[in-house]
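Just below sit the structures, each encoded as structure tokens.
Both complexes shown next keep chain A, but they swap its partner, so chain B is in the first and chain C is in the second.
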Partner chain A sequence: MTDTQISADPCTETVQLTIPCRAEYVGVARLTILGVTGRIPFSYDEVEDIRLAVGEACTHAVERTGTDTATIRITSTLDTVALTIEVTDNIAEADKAAPSEEARLLEEAGVDQAGLGALLMEILVDEVKIDTSPTGTTVLLTKYTPK
Partner chain B sequence: MNLTMNSRTPSETTCILDIEGEVDVYTSPQLKQDLVQIAERGVKRVIINLSKVEYLDSTGLGVLIGGLKRLREADGNLALVGPGMRIQRIFEITGLNKIFDIYTTEEEAVAKEGVAL
Partner chain C sequence: MTPTTQKKAQDWTQDDAETLFARYARSHETQMRDRLVAMHQNLVRYLAGKFVNRGEPLEDLIQVGTIGLINAIDRFDSGRGTKFSTYATPTIVGEIRRYFRDKAWSLKVPRRLQELNQTASKAQEALSSKLGRPPTIQEVAQRIGATEEETLEAIELGNAYDTVSLDSKMMHDSDSSPLSLAEFVGAEDKSLLSLEAFGDLDYALEALDPRERAIIIHRFFKDMSQAEVAKQLNISQMHVSRLQNRALSQLRRLMVSE
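Then we have the complex of A and B:
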């Protein structure tokens, strides 16, 4: 089940989507972001960069959840300066999953899976801020609009 | 969002895997399972054709790194062929283009990897 809200005022436009925190829904978030970025004169590469960064932020949540009831809320806000995308999950500390076998295998190979996703986000958008609290994590991605 | 894979096995120790679609957190377990099965059959050299891959994220990269590690430990290799510009860029910005052998064409990969067809 997904939930989409759209609101607009003269200064900012906000699109909000809530998806189950499951792997099969990450593509839905990416498709929505594709629609949002289409309203801004970003280049093809910039649009793809934002799409991948949002995918990584959602994947970060999906990989951590140990419960079927968690959700991810993606809030895209566009103003005259930037597109900001807030990816918030409600995965409480107690609901976190143990690292997957793949993650452990990669760690043995010297690769940090979450670190790889974070690295991609850092490179793909202009600013990344990650806030973790006992009730969930928020990834804030900012991409400045073309001048 | 989907991923299709077709494998060719020109020799007992070689496999060419054509993958098409999106490799992400949803589909990468499917790729991982195929790579594990291929390695368990005794295949040492895997060439993955990425020319029809439209999307690759960190979980897909993780699966490819895991496959590379497994095969190199068995004195084999996992080489990549034909990534489009977007996919090539992901390898470049993560520095993984220095870890993987990436070729432009399948013919080049076969020749350089010393694969007998």
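Then we have the complex of A and C:
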């Protein structure tokens, strides 16, 4: 079952999207963020960086989940200073998957996906905050808007 | 020959890497550096792969990323306790991002989206008549050889990159009738005022340096006077005027030369 609602609140400039935590839906999140950033005078480079960062956060949730039913909620908030995008999953500790074969091979080749993913996001946007709880993980991405 | 030099590149483990780094830092021997580069190709491939959707071939991005890798190898101090991949990632990614910036890539890629948009539209029409119904995104993607995401982007959002309007008015300082940006940029040659010539204004703006771009935006789209802009940017009005003229010539040059 898919559940992709997009609602825009004109007062607070918040856009929220919930997707199934599956690889084929990460593109939907990236496209929504493309739509959101289209209204802000970011450069093309910056838009692509933001989309990549959001895609990374979503992909890490997809890698982490061991169930079919997890979801990712992406909330973007625009104020006078910055665009903030929150990527939250509901993957409980008990529902985490063992690292996939691909992840294991990458790890052996010196690519620590989780660690590098966080580092990559920090390079792409201005601030990154990651909060892990027993009920899920939240990644908060902040990109200052052009003056 | 010592046992370590008999190993193939892919058999090296992290421990071997540490030894190699320490030895390389002391000797700077090319052969050692090449081995270190080979060992970390996976890292470069992994990072370069993140940037494939921006219109440049993966192989080129890997080459560019490898330059960053080499710089990181040269500067890495294995005694510091940082993992090399953590140390090298910003350098590798930085090199790739700089490659895009230097290519005035932001001028080219939106055009690629427009071209893909046209290709996708034609494919939609062709498939419609063939199938007797509107095609699915999957069918269009398959036909044009793009991913579903790219196809969706091209069809739905090819126009998402704000087209800055050439009719945007600017208040002329002497309170005479407002002039449009089109008139300013095309001032030297009236024939330039055709819409086609100005199709890339949006993207030409991206190529200006940030201060020049800010001046154009403040003056032409926010209706600010030169005095107000000067105050905003904390420079003299004459400086604003000079920068504005420079920005306009730059825009003219960028949009006319094809």
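What we mean here is this: the second predicted complex is superposed on the first by the 136 of 147 C-alpha atoms of A that agree within 3 Å, B and C clash if a C-alpha of one lies under 4 Å from a C-alpha of the other, contacts with A are read in each partner's own complex, and residues count from 1 in each chain.
In this section, a residue touches a chain if its C-beta (ideal position, glycine included) is under 8 Å from a C-beta of that chain, and two chains touch if they have at least 3 such contacts.
Keep in mind that what you see is a predicted model, and the values were worked out from it rather than measured.
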Fit or clash between chain C and chain B when superposed on chain A: clash
First (chain B), second (chain C), both or neither touched by A:A82: neither
Touched partner set for A:L119, first chain B, second chain C, both or neither: both
Partner chain(s) touched by A:L140 [first = chain B, second = chain C, both, neither]: neither
Touching partner for A:E63 - first (chain B), second (chain C), both, neither: first
Which superposed partner A:L34 touches (first chain B, second chain C, both, neither): second
Which of chain B and chain C A:S43 touches, first, second, both or neither: second
First, second, both or neither for A:L52, with chain B first and chain C second: both
Part of chain C, among the options 62-70, 152-160 or 206-214, whose backbone runs into chain B after overlay: 62-70
Common interface positions of chain A, toward chain B and toward chain C: 27, 30, 45, 48, 52, 56, 106, 109, 111, 116, 119-120, 123
In the complex with chain B, residue positions of chain A that touch it: 23-24, 26-27, 30, 45, 48, 52, 55-56, 58-59, 62-63, 102-103, 105-106, 109, 111, 113, 116-117, 119-120, 123-124
Residue ranges of chain A in contact with chain C within the complex: 27, 30-31, 34-35, 38-39, 41, 43-45, 48-49, 52, 56, 106, 109-112, 115-116, 119-120, 123, 147
Chain A partner contacts - residues on chain C that touch it in the complex: 14, 17, 39-40, 42-43, 46-47, 50-51, 53-54, 83-86, 89-90, 93-94, 97, 100-101, 105-106, 109-110, 147-149, 152-153, 156-157, 160-162, 203, 206, 214, 217
Of chain B, residues touching chain A in the complex: 1, 22, 24-26, 32, 55, 57-59, 61-63, 65-66, 69, 86, 90, 93-94
